[in-house]
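I've put the structures underneath this note.
Both complexes shown next keep subunit A, but they swap its partner, so subunit B is in the first and subunit C is in the second.
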Partner chain A sequence: MPLTYNLQVINLLAALLLLISFAMLSQRRIAGLITLFAWQGAALSASTAIVAWSTGQHHLYWSAGITLVLKVIAMPWFFYRLIKKLNVDRDVEPMINIPTTMLIGIALVIFAFNLALPISQMSGTVMRSTLGIAMATVLLAFLMMITRSKAIPQVIGFLAMENGLFFAATSATYGMPLVVEMGVALDVLVGVFVLGIFFFQIRETFDSLDLKHMEKLKER
Partner chain B sequence: MITGILLQTVQTLLSILLAPLLMGWVNQCRAWLQGRSAPPITQPYRTLRKLFNKDAVIAHSASPLFRFAPYMIFACMALAAGLVPTIANDLPFSPAADVIALVGIFALARVFLALAAMDIGTAFGSLGARREMLVSFLAEPALLMVFFTASLISQSTELPIIVQTLAHKDFVIYPSMAFAAVAFWMVSTAENARIPVDNPTTHLELTMIHEAMILEYSARHLALIEWAVALKLFTYSVLGIALFVPWGIAQRGDFAALPLALVAMLAKLLVGGAALSLQEAVSAKVRLFRAPEFLGTAFLLGVLGMLIHFLLEV
Partner chain C sequence: MNALSILQSADLASLAWGGILFWLGLGFAGLLLQRSRSLVGLILPLGALGGLFMAGMGLSALLLPSSAIVLPIGLPDLPFHLRLDPLSGFFLILLGSASFGVTLYAWGYFKNLAAAPLALLTLWYHLFLAGMATVLLADDAYAFMVAWEVMALSSYFLVTTDHDIPDIRRAGFLYLLIAHVGAVSLLLCFGVLQGGHGAYTFDYMRHAEITPYWASVAFLLALFGFGAKAGLVPMHVWLPEAHPAAPSPVSALMSGVMLKTAIYGLLRVTFDLLSQQFGWWGTLTLGLGLITALYGVIFAAVQSDMKRLLAWSSIENIGIIVAAFGLTLIFYTDGKGALAALTMTALLYHAFNHAFFKGLLFIGTGSVLHATGERRMGHLGGLIRFMPWTAWLTLIGALAIAGLPPLNGFVSEWLLLQAFLLTPGLHQPYLNMVIPVAAASVALAAALAAYVMVKFFGVVFLGNPRDPSLHEAHEAGWRERLGMLWLAAGCVLLGLFPSWVIAWLAPVVQQLTGQTLINDAPSATSWLMLAPVSAQRASYAPLVFFAVVLVTLLLVFVWVRRVYHGRIRRADPWDCGYPEQDARMQDTAEGFGQPIRQIFESFMRVERERPDPFDRNPRYTSASLDKIWFIVYEPIAKLAGWLSNQAGRLQHGRIQWYLIYSFATLIFLLVFVTR
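Now for the complex of A and B:
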């Protein structure tokens, strides 16, 4: 059965989302990571807008707009300023080396695709087959959070996970109600600002943004 | 059948003759991007003519293999170039050798180059041969994965059928091919000894891979190897065109479309060559021990392309 062009473009953008997730997993520099995060947001926003256009779900235009403003413009700008102020754009050495991380990533993708198969068969949306990709994006972002020891990559991993969840919601049920999405967007925005303040506090206390220092409890 | 053989011959000759021109274009773009005054685009032809007119110097310890290898390498590359549709999708040779055989032909040329490099017994030759083998044994599976993705889509490993499926049936976007394209780009930079894996212009012993293997060659042997290198770049370029942007390649029996196909191919090569030189201008060569990571990423992207094919396109 030939797919419509809208759906093909959505599939392509979904594939790009996954590709960017892998690129983030293999990226060593924080500035590169932020750029990739902005691109991921752009792909997400574009796919949401196309879903809105092809299915007539108008509230998805709002979601696409919020994604564009927050995740493509505001947050990357904020992060760029942050790394400039904190002066931390050096190579980040991950805890597991990158080829191993990528192999684990492939295993996660296979797992996610299998996991999503029965769920996407129950769903009634046109783009249900991309649910596997959404879950893979979530798991890969989670993996990135686990393997990075510095604070900023972990926060970006968290945001990438939110991207994946957003995409999963869109592909399984045409998105959450607008109120919920607004709430989530606000939460994420506030979260990022709070974490931005945390970065300064962490660095002041430990002289580094490496979160390994926080694993040791001191009782004095 | 006669026209098929004619087209096959014309396309193979076209590849062989145009290959140095592509090399010249890449070098020219590179020079512009680096702010140097560029050599003329025909410089590789002049180099080849100069080399063919010189007398060959061969080491005393060289075996017949050393003399024989350049001819073998050139023949392999010419054969490989003849298997890829460049302007017409009508290649009578292609049922004899599909994409997997194409990978084998590249491997054959590489084996002869490595053997010839070790034949003289100099340290540089063996060093280059080892490095080349390290890079290529990682690049080959990634290249195969790219071909498998294309073959799964078109249900055939023959290049004309792949091109037929991608270019002349209903237009369909294949997300898996996006992954395959990135993987193919990475593999072809590695296989053609370009930055970030190898630097084609370096003669620094710590970093050179391809240059280290051909240091002992001179005159006509060197000319054949240089030509084969240009031909390899050309073959990879038209292979990339055939797999990822095949629109414009004339259908079987459609002679009216041939001039347009030629123009389309040249335009795509211009863009591709400029992109390659841009990548070489903006990126740095990675350490040799980062090359496995680079190629491992290419392999994983190839595998991901196949997974995406099964998820979204079946």
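Now for the complex of A and C:
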């Protein structure tokens, strides 16, 4: 009985994850985007913790903790500081208008669910039904990276994609081994710092964080 | 026989590998010793001794049973196999003896080079030699390909010795490109030859069961791969670019020896590794060889750069060798073993001869280049007065390549023509009718080669100097002369004692065709008289011929001196109405080649620049360009450029587009996975 109850909660959190993904897709302001990212991290962390509790996979507690520290606290704080320093919290104009993006997103979600159906049948975990959501999160984050032209939303999209992958790993196989997860977390942390340095450099060079200035960096 | 038994116990293949290691060691020693110019200067003569040693190894391989070793180098579980059998031995003699002369020459040629460039040059030079020797000894596909690449790369660096000249860089690139296209084809060929067993030693390949279809595929791949290295039309385009670009001793080695490694490979694959041969292979190669020979000699006739002329002449000679190869295949598959042995002898003989006379001619041009700094024949002339050694030794080479008795070029071409005359016994009536035409083409090529050599020697060494600076031309040093003497002596001796040479070739011919030319017991006069088929049919006694020529010359000389000059009257000659004659009025290289260009203009693309009638300083230029370049290579180059441009369009510079590429790939893969 507690398992099904927990499963309900996990499914709820998964749905929340997907909802936040859509919200990120439609969010124009960078500060709002960061908040949403933090919430996504929180949902992820909570769902991981519940999985750990309900199935007794203790290493998942560590994963949940790392997610909480990195993705809910450290990175959003870092990004808030960054936008304050760079003074870039203006409206973000996406490349494709938002309703169209949302429609494409819906198509992607359908595609992801379709895709996940045969895989989740093979998986033996309690939360295999959420695999489709995890994949949809990955694809939506990718879509966000494509539609945004500013540097910071792209990095957030990249991190959101990592969230989706993490969720997929938890739902399909109760997560990766702890060592791998620690490694990935470290990679993400270092990646964010390196990108942060890049932001400053890009802005110093082009006086803007708009990536269209980098188009001239091609040959000829 | 005592010395031979000692050699036998010492295992020839290991000794030959020792020689290769010696060369490798010399090469790297040069790199280490580059502080000391005097020590670096000693490396080349030592390398020449290495050449002599390798020739000795090859010679003993002709007499002894083949020996093999497995080297502990290479990839794990894939050691290098080396084997020295008569075929390898023969080409090893060619490599060793020709490189001995060329290296002696190089010793003198590079004597003014500073220590650092000389050290680098000796490194590539000896790597090149070692690579070629390893190609000849390799007994598995890996060792072969590795050595083949070492040979290609080291010769690339030798070609681009003067890499600050853009044309030379371009020539080097072209060479490297075609060498690698050929190498890929060889790799595929070996892949087919192993017959699906995954065993790449030649021993396995000999016993691999291949269907006739795949055997033909392997043969065609080998023909393409080795043809690219040998300079077979239409893969010849690199040769007239790369040979002139390289320093002369290197050109001599590349033309004299490296092209022969391709012939070696062709023989090895066709007669040794493949267990079945087909007649149409022979017809194909015969045709290709003849086209190459004619194409090469026609272009040689219209060149005005002396090294380029020799490069085209190399193409011609390779054509003759490949034609002989085709004819051997035709006879061999037709069951005419004796005739196959005859053409095989002619092939090997010509390959050997070409190493000597082409090496000699190339280093001869090297001396001219050193003395005058000029490669264009239009600026040379009359050099026989300033460089008598070079001129006379080059003359021997020129006469030999022109196929005049009693020199060596005559013997091999005569043998080949004899074989052509014997074809009416073939079982295919069609071939019987076509082959006289082929014989006529070989004869035409040989005659045109003589024409080319008259042009080469006449314009460069005879007449009056076309440039006043030529009066300062200096004779080659003693080391250069020594190298040229060695090669010239080879040309003379190979021509004077053909019976002995053929007897030495017998084990190789036996290995390849299963028969030899020597069928009857040697009679007392057999060393004097060469009669390949039967004495009634045709025979050639070079020594007698030589004696007759000498006596005739002597008589004429005495007659002219004693009798004719006795009645001489000195007076102003009638000057044909041209009181002022100068060197510019002599026949030029372009002028000499003009008739050939007129006749064969359809083969070439002639670009002329005619002066305006009112021009005060009229200039006339004309260049005869290779049509194959424009028909085959330029479209390929354009296509490659167009494709790269299309691929370049993918690069927008917009990160979103790159993300979309990844996204589309991801979606595609996901769809693909769920299928």
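Just so we're on the same page, the second predicted complex is superposed on the first by the 214 of 220 C-alpha atoms of A that agree within 3 Å, B and C clash if a C-alpha of one lies under 4 Å from a C-alpha of the other, contacts with A are read in each partner's own complex, and residues count from 1 in each chain.
The rule we apply is simple: a residue touches a chain if its C-beta (ideal position, glycine included) is under 8 Å from a C-beta of that chain, and two chains touch if they have at least 3 such contacts.
Predicted model, so just to flag it, every value in this text is computed and none were measured.
On the shared subunit subunit A, the superposed partners subunit B and subunit C are arranged side by side without overlap.
Once chain A of one complex is fitted onto chain A of the other, the partner contacts of A:Ile110 are limited to subunit B, with no touch recorded for subunit C.
When the two structures are aligned on the shared chain, A:Gln154 is found in touch with subunit C, with no touch to subunit B. Once chain A of one complex is fitted onto chain A of the other, the partner contacts of A:Pro118 are limited to subunit C, with no touch recorded for subunit B.
In the overlay built on the shared chain, the residue A:Lys212 is in contact with subunit C alone; subunit B does not reach it. In the superposed model, subunit B and subunit C sit 140 degrees apart as seen from the Cα centre of subunit A, a figure rounded to the nearest 10. Judged by the touch definition given at the top, the superposed model places A:Leu82 against neither subunit B nor subunit C. Judged by the touch definition given at the top, the superposed model places A:Leu68 against neither subunit B nor subunit C. Of the two partner chains placed by the overlay, neither subunit B nor subunit C lies in contact with A:Leu36. With both structures placed on the common chain, the touch criterion links A:Ala168 to neither subunit B nor subunit C. Subunit B and subunit C never share a C-alpha pair closer than 18 Å once the two structures are laid over each other. Taken together, the subunit A residues at the contact with subunit C in this complex read 95, 111, 114-115, 118, 139, 142-143, 145-147, 149, 154, 211-212, 214-220. Residues of subunit A that touch subunit B in their complex: 2-3, 5, 8-9, 11-12, 14-16, 18-19, 22, 26, 98-99, 102-103, 105-106, 109-110, 113, 129-130, 132-133. Residues 170, 172-173, 175-176, 178-179, 182, 292-293, 296-297, 300-301, 303-304, 307-308, 310-313 of subunit B are the ones that touch subunit A when the two sit in their complex. The touching residues of subunit C, when paired with subunit A in their complex, are 648, 651-656, 659-660, 662-663, 666-667, 670, 674.
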